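Same chain, two partners: chain A is paired with chain B first, then with chain C.
Let's look at the complex of A and B:
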């Protein structure tokens, strides 16, 4: 109880907390006696051994409060916030709203997967103006610094942005995806969210796609083994092809960006041998090109030569001959897997499928 | 249960070669003794329904289901049902499709499906289906292929799949198909990267609605094979580290499409064995890590699916015992032994 109040006053008096963390002991930081909380330059640290008590207090208090409020609030689904029946039955005092807000917030700091606490916050957003969607997004940014892999928190974020479309800002979403990806690399949730954000109404523009392609290029340069990032690039490239007419692009522009991507991948395979992600990306580019794009190519388009099967086989042979490369065995293994895929795409040869067992 | 005196002696068993059956049983049985003073208790408390399912099914595989107090569990499960038919992860939580499936699986495992108002559960599940064939996970509207699996599995286990007419089944199949990538793997929503866990849910859902024809078996088989690393373990996506949980996601999907022999079973078995905890029992995500019930279940599933160590057989689609499913007359056309 006392700890919970202390936590609340810390949060309220420091509206710009940047990061949330658990620490084994506060002693290490200031040498003084063990304290439950520590603020260092806008970072809030909570001492590990106080966590169960705070969490338990908050969750049990929240449950008592929910029971006293009654089933109408428990069962409320947000859909009819304007209808007569709902607004008359669910009548929360300002104190109750504040309490629900603070309790659920403290719970999420410890466990962002607590869907009941997340749902309380959804209901509050529907029923009251205690907080805005923008503030909720800000809170989630803070929660992600401690819980970057919380699927439920990402899900809550999408709900907030669906509920209050005006709070959506592509730039902010891309920034949070990047930051969370830095905390927990190869983060499936963050990359899925990134594509979701680009697919929001009116966001799938040529400019947004190209800008993001450039941003992710910088990311890939520092995170060569992040397959999710290549997949994201692939999605952008496919979109640029599918919508090229809408975007006012010529097919040659499409070919150029696709072949550049293949060259970029080839270069990186040389620079950073034996990264499966790069080989998978190469495979995605090759397979999509030869399934969907090739039918638009006329024979005189030299620009597309790199995407031909013969060019790819030649590239693979160079790799296999480059015996001085580091991680040579793994590099050759991935090269052979790639060759199998590109061969299987032209003939469905399933008899050789057992190659990985060798 | 206290068998400390025994377990000290048992440390002489080489866990890299043998499965620690007795220790796993006591590990699972003792899971419920977690203390409310512990951090661990509170960060898993909301997942208790899933945890109970993982624990019970582990015991089933180990042929020790009778170690649990059946009535207590049934009553607790039923106390988690909400007025709309859905189940929550624990008594004081909100309902969700994920915990609803676990609840149905538990009751089935304990032969207590008749204690359940199945029509109400079916109504809840159906209320979450969307026009495009996807399913919400709960009333708040998140879409994910995991929820599609939960929905069709739940209905099918209760013998209520026919509540979905052909048109709806077609839409479900269509949605799953939209989540398929060029590499033949599946993601959580259309466009999302292939992920072995999501691939299992999509393959499982397609198996249940009898649309395995939509799967490119060879290509998917390849992609799943590529998940095996030189250490024998499996990962879920390219360049991720191996994790015991994929002994379920990858191996079950391979089993359903009849490509289990494409990975090195023996190497995977040895990897799972190394992830066993020789002191406490239980299986961890990676060798040397702290075990948990989730990975214990998935590791045992791996042994069962690959037919090692005389485990009870688990079905790769429904994640329940084959015998349990047959008792309820559920068809398992992917099971070649039947």
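Let's look at the complex of A and C:
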């Protein structure tokens, strides 16, 4: 109880907390032992041994409070907008709302997957002006610094943004995805959310896609084995092809960006040998090209040569011959898998099928 | 592709290497993990240097955490160790190791560090710049011919952490005895693995 109040006053008096952390003891940070909370440069830490007490208190109190409020709130599903009568029956005092807000917030700090708390927060957003969607997003940013891979919390974030589209800011979403991806590398949730954010109404523009492609290029340069990032690039590239008419692009522009991606991948396979993620990306590019895009290519288009099977086989042979590379064995293993794969995937393309036999 | 730390040690036969200078770049970690990450980094750097013979280039990998410590020791009794993630090209890391040793020799005369017997942090002015530049191996060394197994790089000895303990000691056991690690960091090391490597360190 005391702890909980202390936590609340700390949060209220520091509206711009940047990160949330768990620590074993506060001793190392400020010399004092046994303090439950600690603020360092706007980062809040909770001492490990106080967690169970806080969590138990908050969860139990929240449940009691929910029972005392009654079924109206419990059964409330946010759809009151069409029936005035329902929203008037749920008449909560400001104190109760404040209490619900603070309790569920504290629970999320410890466990971002607590669905009861998340649902209470959804209801509060529907019911009152007490928490705004902007505040909720800010809270989630903080929660992610401690729980970067909480699927429920990411889901909640999407719900909030659907509920209050005005709180959506693409730039902010992208920044959050990037930072969370740093805290927990190869964070699938963050990349899924990134693609979701780009797909919001009015966000799927050519400019946004190209800008994000460039941003992610910087990311993969430093995280060559991040599968999710390549997949994100792949989705952008596919979108650019599918919507090229809407975007006012010529097919040649599409070809250029696709072939550039293939060149980029080839270059990085060369620079950083033996990363399977790069080979998988290459495979995805090749497959989509030969399934969907190739139909649009007229035979005279030199620009697309690199995507041809013969060029791919040539590239692979170069890699195999480059015996000086580090991690040669792994590199060749991936190359052979790729070769085998492109040979089996397009057996209809017989023009160069005897290439390997030479 | 991250360089987490660059360090220079004085090698002392029969006892722990003495720290002469060190820089860290740990901004990718959570704020409250950074302290522990630094301590664990120093611990790994020191343990690796201690097990590096003169003239040998060692890359010690810890597979679970995907971190690698690259180290070498020279005949004058200096050793440099660099901590990176496992994506980082080993050849570039060893180039950095050599560069730092060179610059250290240029900046400090032998007599100025020979007498040091306790951990110190001498100021090597170029070090902060180096750790920033080498974050991107491609920029730091555009040739990246680095990926080629040239003559000199074949001598890189790859060791795993399992080989670190000479008499079958486990890293965890060594860690528990270490003075470089606070209680907080020991708990951090023990927990990192259990917590699905959330903390991403050792």
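We adopt the following convention: the second predicted complex is superposed on the first by the 344 of 358 C-alpha atoms of A that agree within 3 Å, B and C clash if a C-alpha of one lies under 4 Å from a C-alpha of the other, contacts with A are read in each partner's own complex, and residues count from 1 in each chain.
Everything below uses one rule, namely that contacts are C-beta pairs under 8 Å (C-beta built on N, C-alpha and C of every residue); 3 or more make two chains touch, one makes a residue touch a chain.
Note that the structure is predicted; figures quoted are calculated from it, not measured.
J.: What is the contact status of A:145 with respect to chain B (first) and chain C (second): first, second, both, or neither?
T.: second
J.: Touch check for A:275: first (chain B), second (chain C), both, or neither?
T.: In the superposition, A:275 touches chain B and chain C alike.
J.: Please work out whether A:199 is in contact with chain B alone, chain C alone, both, or neither, and reply first, second, both or neither.
T.: Once the two structures are laid over each other on A, A:199 reaches chain B alone.
J.: More residues of chain A in touch with chain C or with chain B?
T.: For chain A, the partner with the higher number of touched residues is B.
J.: Going by the contact rule set out at the top, does A:43 touch chain B (first), chain C (second), both, or neither?
T.: A:43 contacts chain C only, not chain B.
J.: Tell me which partner A:287 touches in the superposition: chain B (first), chain C (second), both or neither.
T.: first
J.: For A:19, select first, second, both or neither according to whether it touches chain B, chain C, the two together, or no partner.
T.: second
J.: Does chain B (first) or chain C (second) touch A:187, or do both, or does neither?
T.: Touch status of A:187: no partner.
J.: Should A:222 be classified as contacting the first partner (chain B), the second (chain C), both, or neither?
T.: second
J.: Quick one: classify A:326 as touching chain B (first), chain C (second), both or neither.
T.: Only chain C is touched by A:326; chain B is not.
J.: Using the superposition on A, tell me which residues of chain A are in contact with chain B and, in the other complex, with chain C.
T.: Chain A residues touching both partners: 225, 275.
J.: What part of chain A is in contact with chain C in the complex they form?
T.: Residues 18-19, 21-25, 28-29, 40-41, 43, 45, 145-146, 148-149, 182-185, 221-225, 270-273, 275, 324-326, 328 of chain A touch chain C in their complex.
J.: Which residues of chain B touch chain A once you look at their complex with the stated criterion?
T.: Per the touch definition, chain B meets chain A at residues 36-39, 41-43, 45-47, 82-84, 88-89, 92-94, 96, 137-142, 182-183, 187-189, 191-193, 195, 218-219, 221-222, 225-226, 228, 237-240, 262-264.
J.: Write out the stretch or stretches of chain C touching chain A in their complex.
T.: Touching chain A from chain C are residues 1-2, 28-33, 35, 87, 89-91, 135-136, 138, 144, 147-150, 153, 182-184, 187-188, 198, 200.
J.: Taking the complex as given, what residues does chain A use to touch chain B?
T.: 48, 51-52, 55-56, 59, 63, 66, 71, 74-75, 77-79, 110-111, 113-116, 119, 122, 155, 158-159, 162, 186, 188, 191-192, 195-196, 199, 225-228, 231, 235, 275-277, 280, 283-284, 287-288, 291, 337, 340-341, 344, 348, 350, 353-354, 356-357
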